[in-house]
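Next, two complexes with subunit A in common: one pairs it with subunit B, the other with subunit C.
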Partner chain A sequence: MPRTQKPTNGTSRRSGRRSPLASVALIAIGLLFTGGAYAAFSTSTASAATESASAQTVAEGEKLFAANCATCHGLSADGTSAGPSLIGVGAASVDFQVGTGRMPMQMNGPQAEVKPVQFTEEQTAALAAYVASLAPGPAIPAAELLDAQGDAAAGAELFRINCAMCHNVAGAGGALTEGKYAPALDGVTPQHIYEAMITGPQNMPVFNDMNISPEDKRDIITYLKYVENNPSPGGFALGSLGPVSEGLFLWIFGLGAIVALTVWITAKSN
Partner chain B sequence: MSTTTDMKPADTQKKKSGGFTGAAANYVDERTSISTAVKELGRKIFPDHWSFLLGEVALYSFVIILLSGTFLTFFFQASMVEVHYDGSYVPLKGVAMSVAMASSLDLSFDIRGGLLMRQVHHWAALLFVASIGLHMLRIFFTGAFRKPRELNWVIGFVLFILAMAEGFTGYSLPDDLLSGNGLRIIDGMVKGIPVVGTWISFLLFGGEFPGVDIVGRLYSLHILILPAIIVALIAMHLLFVVVHKHTQYPGAGRTNNNVVGYPVLPVYAAKAGGFFFIVFGVVMLMASFFTINPIWNYGPYDPSPVSAGTQPDWYIGFADGALRLIPPGLEWVGLGGTWSFNILIPLVGLGLFIGVVLLYPFLEAWVTGDKREHHILDRPRNAPTRTAIGAAGVTFYAGLWAAASSDIIATHFKVTMEGVIHTLQAVVILGPIIAYFITKRVCLALMKKDREIVLHGYESGRIVRLPGGEYIEVHQPVDEYERWKLVSYADYKPLELTPNARGKISPVQRVRAGLSRWFFEDRIAPVGTQEIEKSHGDHH
Partner chain C sequence: MASDETSGKDLTATDSAGVDHGSAAAGIAVVSRDAVANPGFPPHRPRITDLDPRAEKRAERTVYTLFYLSIVGSIFAIAAYMIFPIVPEDPGSVRLNNMFIGIGLALALLALGIGAVHWGKALMHDEEGVDERHPVRGTDETRARAVEIFQEANTESGFGRRTMIRNSLIGALVVFPLPAVVLFRGLAPQDQDPVALLKQTMWEKGTRLALDPSGVPIKASDVTLGSSFAVIPEGLMDLGHGLLEEKAKAVVILVRMKPEDLIETPERASWSYDGIVAYSKICTHVGCPVGLYEQQTHHLLCPCHQSQFDVADSAKVIFGPAKRALPQLPIAVDADGYLIAQSDFLEPVGPSFWERQ
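For the complex of A and B:
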């Protein structure tokens, strides 16, 4: 970069033959090309929301949006100082955030918490259709990716490499900075797991289809469901939190029982 | 213990059975002179108190560990050759892993009783170190490490360190993700040592981490060298207990020259033998019902992933916590290398802590100048400074220990990680000081209360109106047994500065006298007979 720039500057200063607007025009053309290419590329990867929602559903969603979401996200969903723009977040994002009760948010905090779901399935679908109609974005995944019938071993390996550093190897959750956290994955529906991966809610990064293919995502869901549906072979799992809960259990219940028994054994008989 | 009448029904058979056992005993005795040992040991007296059994718990856990560990060696293969898992645990089928990991999984899923034995081994290991820790606290706070038992304290503390080493080498063997992460931290700490660190790490791992040697090497340490040293030291530890005789708490009839309790045979041996099975039972129950170290969740070791909630077993937690609490940005580049003070400070700090605990009996003996033998234990309150030092040490350790679970604390109590870390940094530095002063004042207050009770008796709650109109509460005098406990402790005075042979006071003497003053400055003298006599008739 610096090597190519220097001679250009030098020649323009010396000769002054080239129009001073030439470089500006060149940069503009370059930006247009790269930007356009990127846009074309990213829309093609982010499985464009082609679900043909009826105009009626979209209209219904718009009404619900104006009544419940617009305060923070703006009447045209382009965001305010209180909430981000939703243009291009896609139906998957709405389904995840609203479907898990995270949105509408109850209060500001380190991150939106799961709470009882506020809308019916039809209402959530209408909201999703409305937001999806604004701009293309990740769509709600197809049912065949959510059947949890993939390869659990491959999914487990992918999960350890991509997810476990925040969510813990058994999906028990973990801490992030400044009060944020990666939630436990026990009881999360396959659809929500999938949507979280493609939309990256809260602090979670996006795992797009270039990163982890849809089949790999299916494997990850398969592993999580395996862990959820098969109790630990060793007995109670103590929250699957690892050595901390084991140590706590040992000190309180193990050693506690032992000390109680020593007291019993050395007690004077009446 | 048993009455003679109980024996009568067996009298008819006595001749017959006595004949055989008698002959057998005689046969053995004539060839081994074992009766001397039985006579000596069988009449050994052990005082009875629940806290005296904690060391026994450690011993029994160790026996359980040996038994279950032997079972595990039949099936575990300490090799890091790569294989593809083909056992019955579905979410790992076909995954590449070391033979060590695959054989641990086979132990867990495909060998009858293997998982139970793995869990027995691991739970017993946690209990082993925990009971040693509690046993040590009992020894410390009752002053049982004083002459003549200083060396036994050292042996016991070395056993504690060796137990931690056994634990660490043990949970690193399965070569799962968690154990590999633990080894990586050790590798990082070793590499943080200036100049030699990198070479030591290469020596340890046979090249760059993780290599293919470490599991085999840890295995040799874990099942051969460390257990051999531990068994030898336990033997010495117990021998010393026999030689020194057991300490006892102050009480009526107990002096520095006697031991009040039950003889080993038949009472104590029966109790202790039964207690072994109780401890075994508790470990078995834990192992049957509660998962420990689910290596199938962690998967095989791979240097790239680290799971959230990655922690060492509890006894290594204090070291992990020290690493978590050290503030960032302490690396310094210069003098031809990187100086990782973020690792060196915890290493040196913990080394000092361990050194002070190891040498505490000698330090205290030097400061107090106490060369007498002690077989009567101190009640913790009667040695306020020592108890306060102990409380400070416990607070320091507990702060570091809690820091190892900072992330779990953050998620489970819904607080920020930074908040937890900063709070614990304060706890580790300020906590010991606060704990020291609070504990010392509490001890002194309790001693004052004891003194008050000895001199004036208990408050009975009975209010009496005297003829003159005055109301008084009647105080009940404390009974003699209770009083014995309250008054029988040694009164110390600070060492005085005395010139040496050449009439000079050395600086070392000054330091010693200063420390001694600090140790004994605040004290409550035990109540003497004269004072008790004087206070009679003063029970209002």
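For the complex of A and C:
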């Protein structure tokens, strides 16, 4: 080992005409060049990919589907006794279910739960492209509907009328029947919120564009992001769960303080 | 029974103020011979502040420090009100304002209270003492005098003698609350029968179903499978006065399921349209809005008391305290494809009331 090191030391000393700074500069230039070339290359492929979901992506998705989903949903995605048909559910449904980790489902239960996402973004996109190629269905929403820059007040009204009964007025989630529940909405990406509304995952009803227009959906997302990003004016929200958590807090800390004060007042001073 | 020869009087005197138990019925005032003797007070135990002048000084310092702290808290609350004003459109400012004023006021009151209690416990005189309960019954002279005063008043005023005056006074007092009854009755609807008001809603034959809150009418084709729509009668939003009263009765939830999933009785077979059904959103238990629709099970859950209704089967109650199925709104489709009501609900919406059949 020291033998191999020696010659390299020797060469660097032999090319010692250049200052040490020159080699640093050379490396920096090399890195810049390769990085720039890579960036240029990858942006060009990205723009090419958005042109159309290529046949290759669909084929890729089909392979992934056969390997990971077909056990329950059937080899041609037309459903089995273990899982529903996916024909016509659209790319939005796949992006929601797979992108939030709900699918592939870990085990049977009242409902599929959020868990660590099992596929990369490219794999999810390939699966979505494959399922979308089977029959027309809701597509992944456009970015301008997901910017959360709409009318939060209008969104709040729509949210109270259509969503708050299950998801809680502050989006903190709530219980449904027989172990099912409406999940909390904080931290959910605008894209997934939008996709849930148009596809109605599991027991959630569908809110199609005739019921809540795309603009209205944007307002609802705006409201949810506003609630998420602004502190509760009342101080501790205690999970925004209402009387249950607030009552428990007062029961323990409020009554506890009263009991402690009473004990102190009636105790004899020493 | 009630007394023993030596100590019975003492025992009764302390707990029943000198009432003579000799005449009391058996079993009312038994004082047994082996009653626990009053042990008296434990020996007085001097506090550390009574013994150690330095401890006394320290307690004194603590008390006045707490009182000064209370002053600081009050001034802090005033300062906080000025330093952290409520800025319109900024919820965070409300939070800061409330929090700092609250801290100041809590400090002011708590320090005051704790200081006062500490003063009482550590410094004030603490010799134990007894206040004997004095007899409640007045002396015979006082009682006789009281009776005499009543009689004198009766004679002097003529209350017992001048019966016309007495009776008219009683009459006036009885009539006096009547205006209140009439005035409060005026707050309720007068020209309408409240029972009829509760029985009828804004829905009538041909009223289009519209979206809440925009009021846009809904086409049957808009309602896709698995959808749930929050519905109001068209024209509701044009009502100025009474909008909320009408809305509270007329709100409807509209869902679509596969027609084969729907279980319909023959008399209601014409009330739905191609799997689209409309039910009152007002819970038949105590009137909460029932809105938690599960599109796969077709169950509708009321968030207030967990009543569950099966929308696929005439919205019958399948769980919880509600006693009646949700009233169904009979719907049809007009020539332009819009959903319309065939009539009003055929039974009153909302919770039971006494005239309801």
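We adopt the following convention: the second predicted complex is superposed on the first by the 217 of 270 C-alpha atoms of A that agree within 3 Å, B and C clash if a C-alpha of one lies under 4 Å from a C-alpha of the other, contacts with A are read in each partner's own complex, and residues count from 1 in each chain.
Everything that follows uses one rule, which is that a contact is a pair of C-beta atoms (placed from the backbone, for glycine too) under 8 Å apart; a residue touches a chain by one contact, two chains touch by 3 or more.
Since this is a predicted model, take the numbers as computed values, not measurements.
Peer 1: Classify the contacts of A:Gly174 with the two partner chains as first (subunit B alone), second (subunit C alone), both, or neither.
Peer 2: The answer is both, since A:Gly174 touches subunit B and subunit C.
Peer 1: In the overlaid three-chain picture, which partner chain does A:Val117 touch, first (subunit B) or second (subunit C), both, or neither?
Peer 2: Touch status of A:Val117: no partner.
Peer 1: Now for A:Thr262: first (subunit B), second (subunit C), both, or neither, which partner does it touch?
Peer 2: First partner only.
Peer 1: Once chain A of both complexes is superposed, is A:Ser232 in touch with subunit B (first), subunit C (second), both, or neither?
Peer 2: both
Peer 1: A:Cys72 in the overlay: touching subunit B, subunit C, both, or neither? Say first, second, both or neither.
Peer 2: A:Cys72 contacts neither subunit B nor subunit C.
Peer 1: Among the partners subunit B and subunit C, which is in contact with a greater number of residues of subunit A?
Peer 2: Of subunit B and subunit C, the partner in contact with more residues of subunit A is B.
Peer 1: Would you check which partner chain A:Phe249 touches, where first means subunit B only, second means subunit C only, and both and neither mean what they say?
Peer 2: First partner only.
Peer 1: Kindly classify A:Gly155 by the partners it touches after superposition: subunit B alone (first), subunit C alone (second), both, or neither?
Peer 2: In the superposition, A:Gly155 contacts subunit B only.
Peer 1: For A:Met210, is the partner it touches subunit B (first), subunit C (second), both, or none of the two (neither)?
Peer 2: After superposing on A, A:Met210 lies in contact with subunit C but is clear of subunit B.
Peer 1: Touching A:Cys166 in the superposition: subunit B (first), subunit C (second), both, neither?
Peer 2: The answer is both, since A:Cys166 touches subunit B and subunit C.
Peer 1: Just which bits of subunit A does subunit B share with subunit C as contact spots?
Peer 2: 157, 161, 165-166, 174, 176-177, 182, 232-235, 265
Peer 1: Taking the touch rule as given, give the residues of subunit A at its contact with subunit C in the complex, in rising order.
Peer 2: Within the complex, subunit A contacts subunit C at residues 157-158, 161-162, 165-166, 174, 176-177, 180, 182, 200, 202-208, 210-211, 230-235, 264-265, 268-270.
Peer 1: Please give the residue numbers of subunit A that touch subunit B in the complex, ascending.
Peer 2: Within the complex, subunit A contacts subunit B at residues 110, 152-153, 155-157, 160-161, 164-170, 172-179, 181-182, 223, 226-227, 232-238, 240-251, 253-255, 257-259, 261-263, 265-266.
Peer 1: Give the list of subunit C residues in touch with subunit A in this complex.
Peer 2: So the residues of subunit C touching subunit A come out as 45, 47-49, 91-92, 94-95, 98-99, 117, 121-122, 126, 211-213, 218-219, 222-230, 255, 289, 291-297, 299, 301, 303, 308, 319.
Peer 1: Which positions of subunit B touch subunit A when the two form their complex?
Peer 2: Residues 48-54, 57, 90-95, 108-109, 115, 119, 123, 126-127, 130-131, 134, 177-178, 271, 274-275, 278-279, 282-283, 286, 288-294, 296-299, 302, 304-314, 317, 404-408, 410-411, 414-419.
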